[in-house]
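Look at the two complexes coming up: chain A is in both, with chain B in one and chain C in the other.
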Partner chain A sequence: MGTVLAGRGKGNAMTQALWSLFWITVFPGFLFTFSLGLLATWVVRKVSALVQWRVGPPVLQPFYDVAKLLGKEILVPEDAQRIVFIAAPLVGMAGTLLLSTILWRVAVAQSAFVGDVIVVIYLMVLPSLALILGSSASANPYAAIGASREMKLVMGYELPLVLALVVVIVKTGGQLNLAAIAQQTPVYSISGMLAFLVSLLCIQAKLGFVPFDMAESETEIASGVLMEYSGALLAVWKVMHALMLVALPLFLITVFLGGFGTTGCPLAWSIGKYVLVLVLVILIKNTNPRVRIDQAMKFFWVYCGIALVLAVVLAAIGSYYDINWL
Partner chain B sequence: MNWRIRALKKSPWVFHVNTGACNNCDIEIVDLLTPRFDVERFGIKLVGSPRHADALLVTGGVTAQAAPRLREVYRQTPKPCVVFAIGACACDKGIFTTGYHMVGPVDKIIKEIDPNAIIAYVPGCPPKPEAMISGIVKALSAL
Partner chain C sequence: MNTTLLIPIFLPLVAGFVLLFCPNRIRALPKVLTLCISIVAFAVAILIFTQGSLTYAWSVLQIDNLRLDLLLHAKPLGAFILLFAMGFGLLITLYSLKSMAGAKRLNEYYGAILLTIGGSAGILLSNHLLFLLIFWEIVTASLYLLITTGGKNSNFAATKSFAMIGASDAAFLLGISMVWTLSGTFVMSDINLATTSAIPIAAFLLLMTAAITKAGAMPLHTWLPTSGEYASASVMALLPAAIDKLLGIYLLVLVVKGLFSLQSGALSVLLALIGAGTIVVAVMIAMVQHNLKKLLSYHAISQVGYMILGIATMTPVGVAGGVFHMLNHAIYKCCLFLCGGAVEQQAGTAELDKLGGLGKKMSITFTACLIAALSISGIPPLNGFVSKWMVYQGIINMGSSQTSAAAKLWPVWLVAAMFGSALTLASFVKLIHSVFLSRLPSRLKNVKEASWLQTTPMIVLAALCVFFGVFYYIPLKLFIYPALGLDASTTLLGTWNSTLATGLIAVGVLLGLLILAIGQLSKKVRLVPTWTCGEVQPNDQMIIPGTHFYKTVSSMNGLRQLYNWQERGFFDPYNQSGRVGLAVTGLLRWLHSGLLPMYLTWVTFGLVVLLFVLCRIW
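Moving on to the complex of A and B:
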């Protein structure tokens, strides 16, 4: 109490710190994104069930799953690198949390800084990196196969994702600020549309959904990267995945679809955009078979790469001659 | 009631262990997981690793070769967990009662390493998917 009342400047700093804490832990941060993410996980399972002509799980199923995993025993393999094995899921979740908080702050408070689009690119790699670290630390041959596939997949989709962002940056006139990018809608143009479609597939790979789930394929390599994780640590991975299910579509909306408006009518429109991106991802997931890792690499580097080089050229021509639809 | 068990009953993830079954029970288990029976309604999900499992669906009368593996898989499963002996062989060796290579049944092997293991029996040769659902529901409500 004394410190709060001790002086106006100090009090303000205190309030500022408390607000930052609130931002990170409650509102757009952990609690909100966690609940929304688990709800999105339910939507994924329910829509998949409807596609397969069945009823599917109840709304609270992801919450039950996480609660159950928290109550289970944590087993650490004998040969595992204990510290890395335990720290990896926490690092992955913290990175995803930071990513979603930055994106929500752009949406809710329009607060952004120059170059945050680059920070976001780096933060988006963190979950995959943590997954690779954790599975390599578990000393399991299947997990090692999973880690190597995940590594190749990351190398595969990072190139088209960065090229897609180059298209956006060219279209928006060299903006590196997410709040400024969110003011525009690059998807209403040929190059923007191409970049959006390719990034959608990159998001699919980042989420580890079919057809790009070769790193955790359950039937061939017994859950691959997650194989040795049990109990609360597995729950942390599941929560990280749920957070990604919010953050990555939000990223696409911010960058390509004109941002996430949060007041009045734009809010409904924004929720519509989120549902659209999520349902597109789910439908791709449910209508495709799993591809091999070499097929995925070829797809991302050759086909997506060529399409995006074309898109970058179109965007550059468009911005040079002021043709908006190119 | 213990909240761990409560949550477990809401989302039992199952792992399938074959200890020398004739494949008939395995086909019925795969049948159980098809959209027709849709066990995801009850939160039941097939997982690829015993580390993720809450229930082991064990088929077969446990051959001498399979017994050490079954023990290992049971040790690898985080507790609390439930063991389901699916089919006549898993329950009491079925027609292989006098077989020289049979060291089972399942409950004997599991109880050797964990006397307090929770074991449920679903008899039948093979049991129908409906019987398995009924067995799982009965076992979970008895927890």
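Moving on to the complex of A and C:
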């Protein structure tokens, strides 16, 4: 922002815009994150299969799935608000793409790109919001129930997520810049660890994985929010989910685990961090039953809330007396 | 000396006063006159804004050292708010031409609108506290008049508003007299009191009460939802949503940064507490409302919290964020009320569970309402996000740069503000779902889009929401920084390249369209009936109203009790003071029983007391 206000040269702004275009479409944006996300989807399915003593799908299965969906016809409900119904997945995907590009640019270039940590927290709401508006526009009663659950889930995990953000800001000494936050490792402290673990659960809910999949719950409301989506529109939702599967763990790594180093030995270490977060998410997914929405809200507001208020107090004490491990 | 400053004040005031007494049969005159004068006022406001520091002085009277001068001074803060206040006046007049066409008391309605316009211009230009108070009262009185034009039960709402704002105006008067005693002058630019002893603190609290009651912050907010329920939407859009916020926050900035220099830690905590509490509590109540306009009114309260919190941080970015939020709020809340009014007028009801699926029938209203709703929920890259983001930066900056008690509590303020934003989103998801998306009830099959006179103001306001969000540095540099005397290059601490982000989101949408296009190559789109797993139901039974969305929240242990008490008016100062008043009159009634022996007893008792006092027997 500061550089834009300072009125840098026109040619420079043009180059910047062209570079941004490359970043968002090719690397580290769409093509790269999309491929990586589908690979992560395969990891989720493979590990789940192993946990359940099955063989699991081949590596390319998620790609086949998306390709197959592209070949199916798009069904639009007669009663739907069609523009919102069709625009919702597009906007959701675009928002997630921007989110992942911001986080990747921090990892690759070690400087803030487009937004700071507050912007990222707000962009993380976009996929859920798009899902809610799209399903609400489909005029399907099951989808409406799914939308209400999704919204309540957002309300639920937003409180602990904001508290976790406070812990991070206290730990990093009032930093908002993602690149500066990424250079510190709040997880090496009691409060940071608590915040990381609760944020992991929030990510679980954002991804819509069991135990927080009540918005989609196939068995009772027939995929709820996604019920009326089919063909290429459903494919866009799947792409969005794949992007989220990269972006959200990357957010945790950037904020809590000391950032995603991209050169030499740190790269292997970073990939290790990503796999760790992903495997934790998958294990939680596979070892828990789905909870009801009121249970989930109570869990996030009361239990996670109390844990994180404690974490904030610990972090504040720690920063006041310079005790780093608190 | 510049007489231009007199035009936006006295032209509308005189015309409005004349209109009040104009016979109701001439129905064209009020419309034409109000439209012309609001256009003139807006044009003059632009002139005043561009010309910079104009002044005007006229000595009215002088008794001893009490001078009553009509001092007008177009300061940057006042001039920019004036510009927007006059703009809102014009847009609402335009909207009213159609929406109030069938109203009975047209002359009073338009007269009061002109009085509001003139009064608020007076407040924003006045440099003399007594004149400020006089114009302030004119706006209060015209609010009363405007609410009464609403229809059934609007008298009750008008009385409640007038009682509460009137009581706060009494506090204002008392505060002004204390300020005068302390500083010996009414000229605002000459006053700067330090809040170090009891009397300046009391004066500060009194003036703050006036400001936050006008703006509608808790706990003195209850006039707002009541009028929201009964007043017409254009009135809500003009006063509580837009001009009352502008004026209330203008006064608060004036009090905090001009008349006083805040040196008491407790006062900062109080301000921040009012801000944070207002955000969360009001939005929790808003979430469970069933009436469209009442829901919007509670959000008009909740959003004030961000403005107060921003100002309470006393950091450049926080104050700038608070004032910018005031402007943004006025824009999107005005738009939301206008959309709500159009829906109520076209569908015949504002009850959320009787609406639905109107997005297909009223697409312009829907688009404007969606943009404004996303703005108020702080979705990037719209304007509501920018000002909230600035307020958050202010809070974080306060925590790291100040040592007061309020600064130490910064996590509390930050969590309240950010969590409140998520709840706001939830509340507006419910609104959008139950009014515009979901299913169309059979009753509403023939609903049509509102007239262009009504949709034009909505489009203008929604476009402003987008513009002020995507190019937020323009309003900041043009209006906010000069108004507060801030340095543009050092104020913002965070990073948000809104223009680039919007471009990148557009690129993302194009990529999505590309995927859709690939999908389209082989197969066509097909329209199908709603799939309900084979269970065929009549249309009206398939509607899931948004009013059911948050039953989970309102039936949670602990919250359920609070909601119940709130519903019964336990937290309403108007009801509570009403109860105290009834108790006092009950006591007096009991004393005045009409029985001679009773009176004689009291007389004897009084004489005995007198005797004791006079003879000093003790």
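Rule of thumb we're sticking to: the second predicted complex is superposed on the first by the 306 of 326 C-alpha atoms of A that agree within 3 Å, B and C clash if a C-alpha of one lies under 4 Å from a C-alpha of the other, contacts with A are read in each partner's own complex, and residues count from 1 in each chain.
Convention: a residue touches a chain if its C-beta (ideal position, glycine included) is under 8 Å from a C-beta of that chain, and two chains touch if they have at least 3 such contacts.
Note that the coordinates shown come from a computational prediction; the quantities given were computed from them, not determined experimentally.
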Between chain B and chain C, the one with more contact residues on chain A is chain C
Mind working out whether A:218 is in touch with chain B, chain C, both or neither, as first, second, both or neither? first
Does chain B (first) or chain C (second) touch A:73, or do both, or does neither? both
Counting only touches as set out at the top, which of chain B and chain C does A:98 meet: first, second, both, neither? second
Which of the two partners, first being chain B and second being chain C, lies in contact with A:14: first, second, both, or neither? neither
Just to be sure I read the superposition right, which of the two partners does A:118 touch: chain B = first, chain C = second, or both, or neither? second
Could you look at A:228 and tell me whether it touches chain B, chain C, both or neither (first, second, both, neither)? both
So, A:197: does it touch chain B (first), chain C (second), both, or neither? neither
Touching A:55, do we find chain B (first), chain C (second), both, or neither? first
Contact residues common to both interfaces of chain A (with chain B and with chain C): 70-75, 222, 227-228, 231
Interfacial residue positions of chain A with respect to chain B in the complex: 45, 49, 52-58, 60-61, 64-65, 67-68, 70-75, 218-219, 221-223, 226-231, 234
Seen from chain A, its contact residues with chain C in the complex are 1-2, 4-6, 16-17, 20-21, 24-25, 30, 69-79, 81, 83-84, 86-87, 89-91, 93-95, 97-98, 101, 112, 114-116, 118-119, 121-123, 125-126, 129, 132-133, 136-142, 144-145, 147-148, 151-152, 154-155, 158-159, 162-163, 165-166, 169-170, 173-174, 176-177, 222, 227-228, 231-233, 235-236, 239, 293-294, 297-298, 312, 316
Which residues of chain C touch chain A in the complex? 357, 359-360, 363, 366, 370, 378-380, 385, 389, 392-393, 396-397, 399-400, 411, 414-415, 418-419, 422-423, 425-426, 429-430, 432-433, 436-440, 473, 477, 488-489, 492-497, 499-501, 503-509, 511-513, 515-516, 518-520, 522-533, 542-544, 546, 548-550, 552-553, 556
What residues on chain B touch chain A, complex-wise? 3-4, 7-8, 10-11, 35-36, 38, 40-41, 43, 46-49, 51-52, 54, 76, 78-80
